[in-house]
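First the structure, which I've put down as structure tokens, then a few questions once you've had a look.
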Amino acid sequence: MTSLNLTPRRGLLLGPKGWAAVMAAAVTVTVLAPLLNLVVPEGHAFHLSDYAVALIGKIMCYAICALAMDLIWGYTGILSLGHGLFFALGGYGMGMYLMRQIGRDGNYKSDLPDFMVFLDWKALPWHWTFSDSFLFQMAMVVLVPGLLALVFGFFAFRSRIKGVYFSIITQAMTFAAMLLFFRNETGFGGNNGFTDFKRILGVPIALPETRMVLFVLTGLTLIGFYLMARWIVHSKFGRVLQAIRDAESRVMFTGYDPLAYKLAIWTLSAVMCAVAGALYVPQVGIINPGEMSAAASIEIAIWAAVGGRATLIGPILGAFFVNGAKSWFTQVFPEFWLYFLGALFIAVTLFLPQGIVGLFDKFSSKKKETRA
Amino acid sequence: MTPDLMESMHEVRERHEARAQQAGASGGDASFGRLLQAGQPDFTQGVALYLDDITVSFDGFRALNKLSLAINVGELRCIIGPNGAGKTTMMDVITGKTRPDAGKASFGSTIDLLRLRENEIAQIGIGRKFQKPTVYEQLSVFENLELALKADRRARASLFHRLSGEQLDRIGEILQLIHLKGEAQRTAGLLSHGQKQWLEIGMLLMQDPKLLLLDEPVAGMTDEETERTAELFLSLEGQHSLVVVEHDMKFVDQLTEGRKKVTVLHEGSVLAEGRLAEVQANEKVVEVYLGR
Amino acid sequence: ADTIKVGILHSLSGTMAISETVLKDVALMTIDEINAKGGVLGKKLEPVVVDPASNWPLFAEKAKQLIDQDKVSVVFGCWTSVSRKSVLPVFEEKNSLLFYPVQYEGEELSKNVFYTGAAPNQQAIPAVEYLMSKDGGSAKRFVLLGTDYVYPRTTNKILRAFLKSKGVADADIMEEYTPFGHSDYQSIIAKIKKFSSEGKKTAVVSTINGDSNVPFYKELGNQGLKATDVPVVAFSVGEEELRGVDTKPLVGHLAAWNYFMSIKNPTNAAFIKQWSDYAKAKGIAGHKDKPLTNDPMEATYIGIHMWKQAVEKAKSTDTDKVIAAMAGQTFKAPGGFTSTMDKENHHLHKPVFIGEVKADGQFNVVWKTPGPVVADPWSDYIAENKGKKNVPEKK
Amino acid sequence: MLKVSGLHQYYGGSHILRGLDFEAKLGEVTVVLGRNGVGKTTLLKSLMGVVPIRSGAVLLDGADISKDTSYDRVRKGLGYVPQGREIFGRLTVEENLRMGLASRPARTPIPAELFELFPILKQFMHRRGGDLSGGQQQQLAIARALAPGPKLLILDEPTEGIQPSIIKDIGRVIRMLADRGDMAIVLVEQFYDFAAELADQYLVMERGEIIQRGRGRDMEAEGVRQLMAI
Amino acid sequence: MKLLRTLTFALACLAPAVHALTPEQAAAIASGETDARIEALNQAAAAGDAQLPGFVRALLDGEVKVLDGRVFQMQGDKVVVAGTAQAVELPEAAEDVVNNNRMRGALEAALGALKLVSPEAKVRAEAIEELRKQTLDESQLPLIEKAWAAESDAGLKSRLELMRATILISSSDVAKRLAAAQALSASSEPAVKSLLQERLAPGVETDAAVRGALTTALDAVEGKLAWGERLGVLFTGASLGSILLLVALGLAITYGLMGVINMAHGELMMIGAYATFVVQNLFRQYLPGAFDWYIVLAIPVSFLVSALVGAALERSVIRWLYGRPLETLLATWGISLVLMQGVRSLFGAQNVAVENPAWLSGGVQVLSNLILPYNRLAIIVFAFLVLGAVTLMINRTRLGLFVRGVTQNRRMAACVGIPTARIDTYAFSLGAGIAGLAGCALSQVGNVGPDLGQGYIVDAFMVVVTGGVGQLAGTVYAALGLGVLNKFLEGFAGAVLAKIMVLVCIVVFIQKRPQGLFAMKGRSAEA
């Protein structure tokens, strides 16, 4: 038989260049950033300000969300407009612990978190029982959003809710959760949410070193998640996901149960967001139901789209690009930044249908052409 | 036909015949008293597919009207009938896409198809080619076949799945067969209509189902390709059961080899059944279907 | 540097832009005014405006940016209590200064914040006292209606305690909350009507904030609930908020503030003129055609001036020195009184006015305190607060 | 009537049509044959303006229409039965037919002959197009193209999925339309016998080029059947 | 207390007027402490002053100014010193008279009592309406009885009768109490309900027969009130539903038909609302006489402006994105940011005031506890008119057919000769224009500000999707259904929980109907 040059897309997770890039990213996050922030003195040209650390740390959390969104939307074709909820739930899980860490240093000098005092509560509600345990709360960070995603996904996918119907009910879900969390009776601080954190694991949260540790942790999580996502999409599992995106009924008639696949990736994606939320809260110092607003979830999708869907690296770049631009615009053109941001979204869709990554591809393929 | 293609087709046919003999020698009679595995179809009665009094209606319109049909194990059955007779609807019922209003459908003698979901039906060994070719447009031709490959369909398994050399060869074989070797790495969405048709047949072969449902497999193929397809299906006969829906009488003629049964559907139920020549001579069939 | 940077942290987009944008403009006007008179310590003030976009975490980020990156000496900003709570840790951590210009719920005292808006006893309590008075209609039953967040919740908690102390039974108090941005008040007004029809004279105390006020008042007008029947007193509705409402059906409803544009005195006339001219010169949308001033604008204006005085007194922009110098600062406010910064509690001594809505969207002052009232951020009507000292902790 | 010269077409980098030249005359059926993927559909799409052409000219009655939009071409008298039916699934059969009349003035009635040819359409007048069976949809697609009475009728494998008796009818209609002399017909067909029966002129395509052409009656003699079987 | 005086005043008014208002009296009424002013008002009233009503009305209308004890009353263009006919120049420094609520109440009561004896039935009806709101006691009985005796209109007479009964219910005469209790069962006033409850409290009414009558009356009144409440829920639900419908209709076209996930839909509504605002201002400036009719022009203008903006968007951005629905989400999101900031720059970040025309303010009293506001009634009617027009246009016209065809298969539509680009523009503009109409309607009940659209966009999508994408009928049912459900739940769960429950209902409902209420069934659904 003639030799068939068949190469399944599996194979190496990353090329040598890819690994080099990942290593470089890891070194930047774990070594370079701490050096520039903590060791290089303030005022020095290479000093990385606390503000920059906080900003990049925050954006890395967002990048994790964008990555999670890419798995479910880019690869599986399921647009979730509810990922903000998982992010927020992760954040609240962490926030509860941080609230308890405040101890009696709060405004009211009470054992209870401040908001409970102003609501006249006399004791912790039941769902706060174990909130002073770091391990318990970290388990909650994963379990609560994970379970919610699992249950919600199970029913939705089992009923074969697809396309925009799915998107809209995820939106309804997060919107309902937002209203619920806005209520003060729900026991999560209402509109204010949680803020005024003092310590994490007994260490003052405002210390530059603490911040740096959180930053490094976030960076490593992002890199880890990226590698995991890459491994998934390059497995046959990943190809089934893409097949579901293209022709779900065909997938079924070939004997795969899309429910299991969708549910798995959906839950994973939700948990990734939750972890991002948990890392986000101690770095920005506040969590409130605003994170569950419709706009917050839509923005996650936008980062992914701007970066380039179904590329993994694209959504990460998208998160950095959009949020970087937002930070910069709000500062340089406080009155006009929305024009720029809006125009940016329009321009990306019109001129870069494959997102930022598409732009790189275009360049590199052009180079190849000229070389050839 | 290119020499190497003919060669590979012979190979396929030979292998199948060998396997068929094996099965006949060991499995045929020993099956009596054999314990059935749960979820495995039981073909000991010699029937692969039963449809019994199936009725499907859409807003009062009966697309299938008390349709009964039985396909034997290893049988190749052609089904013809006017446009709108209910052929596609029948396949929809078998594969779980449409739930009938009434009637029974079973696979082998034990499995009630009406209780299973689409993917479960596919898993127990019913494969289908749609009337309108459906492939995974964003995946490459190779990946389309890879996904169809018979393997553990569960999520965890596919996460750790790696193609064995044997499986790679099998994909190569099929690529050759469906004339898409050169297009293996092309995105399936870019194929022409006929090429997609072929790809879908290839996927079905990869799946290696016990029962193949083929809805107008040669539409859009040249006469020569039609002949080749017929040969391919004939090579599958015996080892697999096949239900072929076609309007191309030459093709049907070739498939039935002048002796096999052809079923004519009309207005949702069987109008006539018999050898092709017989049904072609049937006045009613001529009137509603063949024309003068 | 030959300039002193000051940060301005108000939402210019998002839901709060409605209220906050104008505070940014007033701040810029005040800075212009100070610069025109030679600046502070011989240096010009350089405003740094950022847009936290009504997004609470973004407030914290922008605060960090102002302090870390831009190295501002002071920040003027925030409206909602959430945003203030969100930036508070930043200011405390960096030991920087925030001037907060809006009425709020109290129960907070940070050494890094100066509260130039009203504490509950400078607004809410006098307003309810007025409602209970003969002139206010001798109300016996109260509807406490608010947006569901900390300011209304806490304010109503204090009011409930206050009403209780005045012998109002719990059955005569109805408390209702709606979410931010709630826009359909049909059911709630029906409920209020039912409540008021069931007995003695009823009044509504509204802590509805932001956008919801317009649909609330429109519905009020249409359902024929007149001020003479069931007066509504609001704590977050000023001239700027009424800009969006047809006020004819609302004549007689009340608002309590420490400043009204309609107050007649030379300082206010000058303030209004300064603002009108500025708005025209800068082409500020809305205000260039119909300039309006309101309480938080006045509070912003006072705050910036007092800060300037304190810096001059301290001869430094160092946070701790300025804080020390702030104690006891006075400023002749457009409200017609000389506002004094309390020596200890970081709040202004402010007069309280009750105004009734007029057909032209302005307010008639129908009642006022004889003079400035000292703020009581930890309201004594709440049992737990007894013994809380109105002094920020020094760390 | 229709004259195509030097037609080149690309999908991205790949060269699909490579310099086609041919003419289709009034009153004649021009049959295009070729195996899967040689570019037949692409050619028809280029004629309709569905895909842009890189170079070459498409002349209708001597005027170049290669820059026109699809709907302008339809207004100039082209009618199209695409491969894969492309009926409007959520419109009723009647509405589909009225869509076919879009290039005619409003209120033009649906020609009654269509229902003689395809009685099922009359019967299913108010059913949604998408609910029809494959073959019924194909009939609808043909009827839709015929409805406005085009000058140049372009058919892409019109017999696909249609029952034999109706294929015969379609054949008769095509013949009849051609014989009437006011219509040119371009027919892409894999069904050799059907094609051979109708062809006045034939073209065989291979990899985007016309490799053989001739008169219909000579098809058998010129070995077209074998050509297709390579 | 207040009414006692009012009563004297009214009684006095029944006699021919003899006195005339003096400038001093006017000054006493118009300035000073509230107590003293009310006292002065009552004295003037007791004197049966002929000029008093005019003066009181002027006070209520804010047409009286004071300066140093001199009172000026505006009479059309001229200014007179109150209590005289002497026309004067209004001094620059004269200040508005400030009436607080108490004073205003006293003025209104005075005027109301006066109206009770007016020869015009309409005026008397207003007066009775005023009196209805007061708590009456036995001392007012003579007035009521007198008015009752003189009343010729049967409807008004029965209302006076009821008032009389509310007083007599606490009479010391058992027979009178009994008669009153029986009469009161005809009432539908919430106040009567609490009155009856009070009388039934233990130890208040001792006579068994009267107690029986009271209980019967209470049941009757409660029954009527319950009806009002039920109808109220229905109406508020229908009203919310009609707003949702208007908001969703445009989206049903741009999204449901065309597949554009139009996140800028809300901003197109906002533009419609601002267009209304501009039209209103133009009327105020150039056609103040016809101000009440500005809305008639605002409707087409808001449609046109939004449609034009929609057309511009379609031409410049959307048209490149057909068939890529998710990209439209991104681009229209960007567009919405730009539009919002655009109006902020143009009109300012604050809300702008859109006034209801007089004929849309207030409401019609259907039952004592049910007022249907005119603006909401108008919106319900308007929503259905728009719905009718859209339905006709989509289902009955050739343009509608083309729109549906083009949105299903753009390429093929071109191949049957439809100028798809133009049809797309029309369709999108139509959707945008309807959004503009929704904005115009919303300006009559809510905020007009840059964020107007944001508050509705989520709801709009919920409605369209719950109804089934591409299904106008579904949109209608979903809008009304969600509206009524929301209001029904709000009745006992409060606004927030009700909204949460509605959202949960939607999520659960979609499980049952994964394609929405009016799902497309069969094969065509997949096409």
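Here the chain labels run A, B, C, D and E in written order, and each chain numbers its own residues starting at 1.
By definition in this document, a residue touches a chain if its C-beta (ideal position, glycine included) is under 8 Å from a C-beta of that chain, and two chains touch if they have at least 3 such contacts.
Please read these numbers as outputs of a predicted model, since none were measured by experiment.
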Q: Go through the assembly and pull out the chains touching subunit A as well as subunit C.
A: E
Q) Relative to subunit A, which chain has the most distant C-alpha mean position? A) D
Q: Can you figure out the chain closest to the middle, judged by Cα centres?
A: A
Q. Compared with subunit E, which chain's mean CA position is the farthest off?
A. B
Q: Report the inter-chain centroid distance for subunit D and subunit E in whole angstrom, where each centroid is the mean of the CA atoms.
A: 62
Q | Inter-chain centre distance, subunit B versus subunit D - centres from mean C-alpha coordinates, in Å | A | 31
Q | Where subunit A and subunit E are represented by their mean Cα positions, the distance between them in whole Å | A | 44
Q: Averaged over CA atoms, how far is the centre of subunit A from the centre of subunit D? Could you give it in whole Å?
A: 52
(Q) Among all residues of subunit A, which ones touch two or more of the remaining chains? (A) 179, 182-183, 249, 335, 338
Q. Mind pulling the subunit E residues that touch 2 or more other chains?
A. 340-341, 345, 454, 496, 499, 522, 526
Q | Residue numbers of subunit B (touch at least two other chains) | A | 58
**Q.** Touching residues on subunit A, where the partner in the complex is subunit B
**A.** 1-2, 4, 6-10, 232, 235-237, 239-240, 242-243, 245-247, 249-258, 260-261, 264
**Q.** subunit E partner contacts - residues on subunit C that touch it in the complex
**A.** 12-15, 17-22, 134-137, 148, 176-179, 181-184, 186-188, 190, 193-194, 197-199, 211, 214-215, 218-219, 221-224, 227-229, 231, 240-246, 248-249, 252, 254, 284-287, 356, 358-359, 361, 364-367
Q.
With touch defined as at the start, can you tell me which subunit A residues reach subunit E in the complex?
A. 79, 155-156, 159-162, 164-165, 168-169, 171-173, 175-176, 179-180, 182-183, 249, 294-295, 298, 301-302, 305-306, 335-336, 338-339, 341-346, 348-350, 353
Q | Interface residues, subunit B side, partner subunit A - complex | A | 4, 8, 95, 97, 117-120, 122-123, 127-128, 130, 134-140, 142-143, 146-148, 153-155, 158-163, 168-169, 171-173, 175-176, 181, 184-185, 203, 207
Q) Which positions of subunit E touch subunit A when the two form their complex? A) 261, 263, 317, 320-321, 324-331, 333-338, 340-342, 345, 454, 457-458, 461-462, 465, 469, 496-497, 499-500, 503-504, 506-507, 510-512, 514-516, 526
